[in-house]
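The structure appears below as structure tokens.
Chain IDs A, B and C follow the sequence of writing; residue 1 opens each chain.
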Amino acid sequence: MSPAPRDRFLEDAAAATADDPQRGFLRGALGGYYASRDVQKARYRDWEKARDAAALAKWTAVNRLDRNLARFEEAFVRNGGVVHWARDAAEARAIILGICREAGARSVIKSKCMTTEEIHLNDALEAEGFGVVESDLGEFIQQLRKEPPFHFVFPCMHLRRDAISELFGKHLGTPPTDSPEELTMIARRHLRDLYLRADIGISGANFLVAETGQVSITENEGNARLTCALPRVHIALAGIEKVIERLDDLAVLLPMLATAGAGQPMTCYNTLYAGPRRAGEADGPEAFHVVLLDNRRTALLADPEQRDALHCIRCGACLNVCPIFKNIGGFAYGTTYQGPIGSVITPHLRGLRNWNHLSGASSLCGACTEACPVRIDLHHHLLRNRRNAVRAHGGWADRLFHRAFGWVIARPRLFSLGGRLFRAALPVLRRLPLPYLRPWLRTRTLPEAAEPSFRQQAKEVLR
Amino acid sequence: MRVDLFIPCFVDQLAPRVGLATAKVLRGLGHEVAFREAQTCCGQPSFNSGHWDVAREAALRALDVFRGAEAVVGPSASCVAMMRKFYPEVLAGHPRAAEAADLAGRTFELGEFIVRRLGVTDVGARWEGKATYHDGCHGLRELGLRREARALLGAVRGLTLIEAEEQETCCGFGGLFSVKYPMISTAMAQVKSDALVRTGADIVVSSDPSCLLQIGGYLGRQGKAVRTLHLAEVLASR
Amino acid sequence: MSAARETILGRIAEALRLAAPRPHLSSDVPAGTPAKVGKAWLPEGGDDEEGRLALLEANLGKLRASLVRVPDAPAAAAALARLAAERGWKRLALHRGELTETVARGLPCETWCVDDGFDKDRLEACDAGLTACESLVAQTGSLLVSSASNGGRALSILPHVHVVVARRQQVLPDLEAALADARARHGGALPSMLGFITGPSRTGDIERILVLGAHGPKELHVILIG
């Protein structure tokens, strides 16, 4: 049996935080992002209000999700597409495998899609004998490494160029190079032919437009454009929360996604697909399927307090600014979605009992909430998860500790006495391996406490 | 104006000088300063640990303790944020929710009170040397305070303010987080403290005593000479 | 799979019986669609034609795309011919259309129209793809292309260079205007692909260092007539 998620987390986080060079590398890699994000944000006439508009667009869409999904389905079918509904990961995998089999397909090219990571699609496709290739550079690298993405927008940001060069040398037989440009070109050349030969293209979806039945896909490299242009069949896997009401909501959401997540004015390619190739169009797939996935998103929807977590447009901004993420990295989370948004939603998607430790592993600094372009109340949701966990299955020792604490702080004299005793005992406590003091003292000192407390002095001083 | 002090429990017990400095600064500005002895802890440790029932009790007590106060001023953005933002949250739907909202409107962080409420930036302080300022996250993001402490420090005679890199990065304290996830908390302290030390400042100033506990504790273990001081202590020096 | 559909829609309806609070906003947002009210807060789109052109040019420059302004179609053809000669193109792919065909006429290299029987290998072997566009967006430096008017899906993404020829009148202030314009043009039947292109293909996947030409065109040239 694999270790419990919490134990694994503690182990991995300890290892990651002990790796100073790697933490420095991550900070350095994000330095350019902060600079360009600030330049782009400054171009907004009012960034904070633009966040309001984006938040409202998603709030309206999610709070009328049933109606909007039905509208999307109707319009998408009118456009000539096929809609499938999947209650869970197994159902989604079965649907996609079915489409691949029916199309007599052999090879599949994929553009970046975290939802396919969520349902572990690649393993399922490979088990059925389909050749699957990730075409996004970062995903391609991670696929070669047999590793999940480190960051859901920047999949291989933890790797240095020499590691990538070595990887390419091993798998593609290319000579070593320390040029990111040359490494990118190696992948470009390698993948070109695979695009041309693939039978099926699988993508995700950034937005589903209810009004027009279009699937909107955002990317920088052009791999998704190729994935949706060349193969005979296009399958897009989308969480049900991706739906938005109007086409022109994108006039707000697309630039904000790019600016918040990557410091760009717009991501290089933002493409809307409405069905397969039309009569009179030069190219495009013969068939276009959308698979709408629930997989416990409705459980999150049923919690009105945290429903806004479904507004997420997966820009990655909250990871980029998160001091926890920057210090422990993406793998320690052990989740499909890393960082603050992952810590918020994973307990809903995979169970609070096993995943609440992620909500605890936060100093609640709020950098995520401040960065989120759609104003998700991220760090406060961590507090709410903690509350829910205590209510649902809190431990007795923890409950006793806090009850006792509450009892003492309700009694000023007792509190004062406790304080005195604590101060008197402090020199000794420093050397006793008490549960809360030891982890502190290992890396930090405690202040001396020689003087009388404030309340003892107050009477005198404030007279 | 009569100002009621709101002294965080660990300032009371471990850093009373911060409370004394707060009183001194406010009196220096001509206000009457009082301390209501029934106050203890705002309940944040339990709130942050998910024990909202305990926090709710603490909130209800605080409503009684500070009943009728014109202005409640505390030298801790974190504890003020507990009162202002989270008491209303734990008392949502409670019969006394309106009282919590009312108390929230009367509670201020020290620098916020002096600059925003009193409209003062020069409190007549003098401190010779180079200082750098650490923004506590609660002040920064729960209370929206950025310029207040800087305006006050800017007016201190003899003091040169040097801004650090990682200016808005968390120090990693986070209450019980610091002992439940010590490795992450320490890594954060390291990033923050290194940046503060790189400024070459003699002192690190903050409006949040809990951040100073963390930063000071880390710097202490590292044997660094940089001192940590609360904003009130700088403002109280002559 | 309609059982799944019913289950999911049922779960959603059940979940939505409890209303969620509105998000905490920084301001009182006036009534109207997000795009309409958000317009004033997004990056500007230029006040007049001059402003729009200046903005477009600046934005394309920052994106590392080139903009050549020419007075008329023959000058555009000359500009394209210069690009072809400088870069030694052997084959250029284009789509049928008044503008593209005029501009590509007399080019010192082989030309091929994708509408005459699409062949992806043949397209891959082309050095450059020439397309028109639906509109250009001053606000972001984007071009809007569609599968209906601009030669399908692959022409603007598969060749190593993408050249766009457009008229000055096609420059619109912002994304909202570009979407509205495309809808007006295509009416109820939107093209199967409608895509904003903002600069040449790029990636930062390796150490967050910018590299152009990840999978799509390494170069993007805009020839603007008028």
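In this section, a contact is a pair of C-beta atoms (placed from the backbone, for glycine too) under 8 Å apart; a residue touches a chain by one contact, two chains touch by 3 or more.
In this text the structure is predicted, and so the values were computed from the model without any measurement.
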**Report entry** Maximum centroid distance from chain C, chain identifier (CA atoms)
**Finding:** B
**Report entry** Chain occupying the middle, per Cα centroid
**Finding:** A
Report summary line: Separation of the C-alpha centres, chain A versus chain C, in whole Å, is 28
Query - Distance from the mean Cα position of chain B to that of chain A, given in whole angstrom - result: 32
Query - Approximate Å spacing (C-alpha centroids) for the pair chain B, chain C - result: 51
Query raised in the report: Considering the complex alone, what residue numbers of chain B touch chain A?
Result: 5, 7, 9, 11-17, 19-20, 23, 33-35, 37-41, 43, 45-54, 57-58, 61, 89, 137-138, 140-142, 168-170, 172-174, 176-189, 191, 213-214, 216-218, 220-221
Query - Complex interface listing, chain C residues touching chain A - result: 1-2, 4-5, 7-9, 11-16, 18-27, 29, 33-44, 59, 62-63, 95, 114-115, 118, 120-121, 124, 139-142, 147-148, 151-155, 157-158, 174-176, 179-180, 183, 189-209, 211, 213-217
Query - chain A - residues contacting chain C, complex - result: 29-30, 32-33, 43-57, 59-60, 62-66, 69-70, 79-80, 84-87, 91, 95, 135-138, 141, 154-157, 159-161, 164, 180-181, 183-185, 187-188, 191-192, 195-196, 212, 214, 220-223, 225-226, 228-230, 240, 246-252, 254-255, 262, 264-278, 280-284, 288, 292, 294, 298, 301-302, 304-305, 307-308, 311, 374-375, 377
Report summary line: The residues of chain A that touch chain B in their complex are 10, 13-14, 17-18, 23, 27, 323-324, 326-328, 360-367, 369-370, 380, 383, 386-391, 394, 398-399, 402-403, 405-406, 408-412, 415, 419, 422-423, 435-437, 439-440, 442-447, 449, 451-458, 461-462
